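What follows is a pair of complexes built around chain A, which joins chain B in one and chain C in the other.
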Partner chain A sequence: MRKKSPNRKRARKRKVRNISETDRKLVKMAQDVLRQIEKGHPPSVEIPQRGLSNVIFDDDSRILKMGDKTSKRSFLNIAHTRKFMQTMLVASYAQKLVKDDKHAGIRELYYALKHSVGSSKENTFEEQGESNIIIEDLERMLDLLREQMNLTADRRGFIYGDIEIFDSGDRFNASKLGRGGWAVPGNIEDIKLKKSNVDYVLVVETAAMSDRLIEEKFPKDNNCLLVACQGQAPRGIRRLLSRLHLEMDLPVVVFTDGDPYGWYIYSTIKQGSINLAYLSNTLSVPKAKFVGMTMDDIETYDLKGVTEKLKDLDKKRIEEELKYPWFQNRKWQKQLQKCKKMGVRIEQQALANKSLEFVAKEYLPEKIENKNFLP
Partner chain B sequence: MQEVKHADELFKDFKAQSISEFFKKNAAMLGYTGKIRSLTTIVHEGVTNALDACEEAGILPDIHVRIEEQGNEHYRVSMEDNASGIPLRFIPQVFGRMLAGSKAHRNIQSRGQQGIGVSGAVMFSQVTTGKPTTIYTSTGKGPIIKALVQLDVKKNLGEILEKEKIANKWDWRGTIISLECKNVIYNKSRYSPYNYLRMTSISNPHSRITFIEPDGTRILYERSTNLVPEPPKPIKPHPHGATPDDLITMASNTAKKNLSQFLSHEFVRVSSPKALEVCKSAGLSDKMNPKRMTWEDAESIVKALSSIKFFAPPTEGLRPIGDEEIRKGLESTLSPEFTYTITRAPQTYRGGILFVIEIGLAFGGKAGRGGVELIRYANRAPLIFDQGGCAMTDAVKSIDWKRYGIRDIEKAPLTVFINLVSTHVPYTSAGKQAVAYEEEIFNEIRNAIMDAGRALSKFLSGKRRLYEKKSKMNTLLRYVPETAQSISLLTTAEKDGISEALERIINEKYNMIVEDEEEEPEPQESEETEGEEY
Partner chain C sequence: MRKKSPNRKRARKRKVRNISETDRKLVKMAQDVLRQIEKGHPPSVEIPQRGLSNVIFDDDSRILKMGDKTSKRSFLNIAHTRKFMQTMLVASYAQKLVKDDKHAGIRELYYALKHSVGSSKENTFEEQGESNIIIEDLERMLDLLREQMNLTADRRGFIYGDIEIFDSGDRFNASKLGRGGWAVPGNIEDIKLKKSNVDYVLVVETAAMSDRLIEEKFPKDNNCLLVACQGQAPRGIRRLLSRLHLEMDLPVVVFTDGDPYGWYIYSTIKQGSINLAYLSNTLSVPKAKFVGMTMDDIETYDLKGVTEKLKDLDKKRIEEELKYPWFQNRKWQKQLQKCKKMGVRIEQQALANKSLEFVAKEYLPEKIENKNFLP
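After this line comes the complex of A and B, so read on.
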């Protein structure tokens, strides 16, 4: 039985605080703008810049952090006016959601706020991309998670394993929901992680591999929680991983295809992404480890016959990944260079070549037992 | 086998074709091609005559034109002027003879240069309807003469079929021409009498033109100036423009008894010493009787004249419209946003023929016809047809309009008005609709347009800046209500108060004459895509 983490209590309190904190931050921003207007000054807001140039890799914490470059978004600057208006619009809607204790998907927000500007043919938003960007801007500006503004992205991914969760009045164990497991919602801020009887979390890239492991009873036999991220881990999954790690002290091990795309998935789980660098501390698990697939696995497990050629996009990615600060260690550089040299990729499902059971009965248990990880 | 005919036989049937007969077969050259164009040409000839006559008499023209529909493609055209009237004995010549006319042998600038004009209208009427033209005319102090005039094509003479004297109770002075014509159409298109009269009013701001259309609509083009343009004075030809044929003709008419006196008297800018120089250079005695001049002598004289330098001809013979007058005309008819007019200094072409170019440029308002509109005038008479074949059009097309701020000349609301004033306008044909290419004229038009273009470009850049400023302001104002509403919801402050304050801030910025702010868009970075987020 695992010790209850003090973080769990904090998590509950955090929720209550979050609502009023969100409201406070949104209102304060608007009040700053109002004050400028009342003084007769052209109103403006400062927004931290997005993009690579405003992101630094913090060597100590080993996560991506947002730099402190900001840009001024000014109502009177023709190039900014529309965005300024949109910023205020989204902020006021978010505040309403929080006050009414309702949640909206980011596509719903787009539709809720889309209307014509005055009597012109122009709309407040022409397409969802515009409103998505504004949401991100607000997150950066106010240091708020969109989930704290009651905005949710689409969900993807599921979990399977012996862990108790309380969500919207339902209490359940994620190993007792059938083979499908529990589909992770877009916003997991309000779920309560009640009890866990597992030793670690295994993040698996593909649903197919997840199903394989479930059928082989891997989670039960190895006492782990399986989290299927189904490609690029969406926000709900990443928040969940962060919470599992922080609140329940669970180590996180990642299992993806042996190709640049899979390794990129790993790096966003571990380090955060460039776009969401400002959220690295809440959306990533810096201490996550990588179990496979690696280029070394090809030799070790005699998988030469089931590799596939790298695509051009993959080759491009390797070049970029070689430069990532968090891959600047001997082990990763070695794997990346090897991949480049061999020019091949190895999918996690290729382990079926050995036998269907191989991955569950030999590959994973062995590597995890021996802590045969990449950092 | 066909007989070989002897020349005598062939020439038995040869008839000398009179010029009138020739033109009858070639009405096109006179402007009578097409149903709309023919009607316009008739009006053109009448109005031109009227304007010239008024000017010669020093009268402010009052011209009335009426077109009445008589049937399908059948109209009656009546034109009245308030000029000095035509004495009875001259009526047949004025209206019935080609190549006649009091203006042909005087070196003055006149609209109806070749004197064919109104006779062509009479002829057209006759040929299409078989009817004569009715003339009413009075010199003011006598009775009104009504005459039915017809053209005898073979004799190249006008005939009066009937005449009548009517008591002049009103002391009326002037001339009315009334004729019927068939195979003509009236509408308001580009080549119509309607457009012709509109353009005429622009270039003759001193004239009042009343036009009654077939449907009864009465259009009045009021005069915008009371300045009667001075009639052009006859001037003597310049030595550099003379041909051997001119010399022979002049010599046969001169009163002078010796060559050097003939030269210095008949030509302008030829002083006595210069005359002697010419005779010497031509190898002829200065005491020779001009009437004894042979063709070879004339050729030698022409050669001598062209090799000797003479002062440029005086400009009194020319009467441009005047840039002020053109401006008035353009502004009253087109109400443009920008006008530029200029009357350039006199130039010569072909060695000595005097000409002046006047330009008017109007932009915005009613200028242009969907795109650039070109209004061509020669000696204050409009050239309506044959725009494609005219050197003026070529000159305008040769300009790089982009340099002057006109991005697409085919769409610009621009009217370009060009008037070529000269003692001898080089028309491309007897139709007098297009100007032939002469290098000096072409270049002068270009230079004038470029002057205008520079002024226009200054206007446009200022206008563009103003327009941009205005549209920026409007953009900002458009976003105010939405922004104010959002801020109001978040802060619970009154929406209207916020709106007003924002509007005040915007107005302050845009009503100040400040340098435009640096408007940098926010820095956009290309980021790694995480995949679609919905």
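After this line comes the complex of A and C, so read on.
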């Protein structure tokens, strides 16, 4: 199912300019502020607005994009002073990280910058939520991933299969690590993806299903990479998928539970989340396909006996997903409506009801061979 | 800090007899039941009782042990019939797994065995909780880990550092995998731990702190393995720690947040959980030591500004931990009482308030060098 695309050059270009670009943008923002002060003007920065009203779904590229509405954050506006101070602190810390070639977790950043201001009892930050928001602001202001500012999200998930990876002087193949696979770091900006002979990437929601597919030798027999996201895909995994797609021209196929949460995981991998729409270009895979589970599977594979009842949160999520721009097509609307009507969910592992081998020997190969995907 | 111990032979012996021992025990149980039926007796099995009343803390070996109280589970007692049927189903499935050299997740087992009984509307299992309990019963009845019955818990966590691992025909060193490390499978019964030149194992609660220590080259500079448990240690990680200790004679040092949940993670690694006391021999490391964080650290390292308030669940957990047999010593009682009194917790990552390097260059090396541990 492999297809070549002209993405490679674009991807490579983005990598090379990373560090210098980050440093340049952070320094430029600081110089702008300094210049305002030197001119005797009250210093301020322009920040793209967050929220749905400033998000556009681009029908051509099929990704979420940031609109052009901005807000001014001004030091001498008493409603903005605290946030302005926080913005300068976080930007300064990030610039130091990049200069020193160090990385920090976003929780480390919070603790590193938390202190009382002068002799007052006022703290720079009261809780991590405050610094997280500033990081998002900077990402939108500077059009940079936090990872490009050497800020790292918590990691989870692993990759298994025939790909050579080059990281910190080590070169290894992720198919030569027993049944374990490579634990994907939170920040993968500096790794190099080398030779791979696979045809596509299969993303799997649960670690247990990944273990099943590894035991059944699915990645080897079907010439694919397996990426376990272990729940909602963390940023390291999303960035890895985006890079595998852009740099290695690999199609991405997603395999989750058949329920509103599984479909939400797919949606995030494919399009990005609405809250972080501005990151879609480098964190999402708009051409990703969904292989299952679907509500149709329950009938096709006679799984009625092993469904579970929907919870209230599931029902709420269906209503949200019915409105997602990228689910505005016949196939997805049908599955979502069907789920609502049937009131049940079906888990990946319910396929074990047929036999342990079934998922690897019949379900996935047949669906993938026949391109029986949801868009 | 390395010490040699006579554990190796015992550990090796346990591994070799795994599969045949499991098969033998499962078959023997089935034959006993069959013999009762053939004699015209109502079939039954003896199951060690669960719960605190059948758990003993062995002061010599410092681990939890199962007491000798048992209950009879009889097919013709209407209160037991369903559970008896479930016990036979799970045992039979496990025996088939072992014979076929296959592994199944405990969720797969649930789905594989779920079906209606005969022409009735009665299901063999209504929810996974039912099959989980039967698995625990079998573990206690047969003195076997579920992993030895080829049943696998969900996986999480990774290992990083200088150890050669042999798994499924692959041989690799976990210090040669960039910054990623090896993703530890849910079932590690079949892997072989080969040469390692390290002095000890450092268990780290969070992935983000592990990333920090990897970036600071802590494992290399301090000649240790790093194991990230990413929250409460999953069974694959606990079993790995136990094997590293028993087979490689490596001391285990645990580094968690300074709060009741972190101390609970330590407690489980060290002694096993009260609910699964019967597994302590092969899943716990009674000689593990605790390096931090402690309440004393808050004063010693001037971290008052970066503590967080305790939540209700934390407070409840302190009361439980005050009663744990292995916390009945002056040092732990002091920390627990201090936490209760101060009403705050301190996270690993709060050490970033000193500097990013502080944890790797000062905090851990000093404490470990001076053996400034809690027991």
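Going forward, the second predicted complex is superposed on the first by the 359 of 375 C-alpha atoms of A that agree within 3 Å, B and C clash if a C-alpha of one lies under 4 Å from a C-alpha of the other, contacts with A are read in each partner's own complex, and residues count from 1 in each chain.
Convention: contacts are C-beta pairs under 8 Å (C-beta built on N, C-alpha and C of every residue); 3 or more make two chains touch, one makes a residue touch a chain.
The structure displayed is predicted, hence computed values, not measured ones.
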Chain B versus chain C as contact partner of A:D211, first or second or both or neither: second
Chain B versus chain C as contact partner of A:R107, first or second or both or neither: both
Which of chain B and chain C A:G305 touches, first, second, both or neither: second
Touched partner set for A:K176, first chain B, second chain C, both or neither: second
Which of chain B and chain C A:E319 touches, first, second, both or neither: neither
Partner chain(s) touched by A:V33 [first = chain B, second = chain C, both, neither]: first
Which of chain B and chain C A:D154 touches, first, second, both or neither: both
Shared contact residues on chain A - chain B and chain C: 105, 107, 154
Chain A to chain B touching residues, read off their complex: 26-27, 29-31, 33-34, 37-38, 40-43, 47, 49-54, 71, 73, 75-85, 88-89, 91-92, 95-96, 105-107, 117-118, 120, 122, 124, 128, 132, 153-154, 231-232, 234-235, 268, 273-276
Partner chain A, residues of chain B touching it in the complex: 472, 475-476, 478-479, 481-483, 485-487, 489-491, 493, 498, 501-502, 504-506, 508-509, 517, 519-528, 530-531, 533-534
Chain A-facing residues of chain C, complex: 102-105, 107-109, 111-112, 114-116, 123, 152, 154-156, 158, 165-170, 172, 176-187, 191, 206-209, 211-212, 215, 228, 230, 305-306, 347, 349-353, 355-356
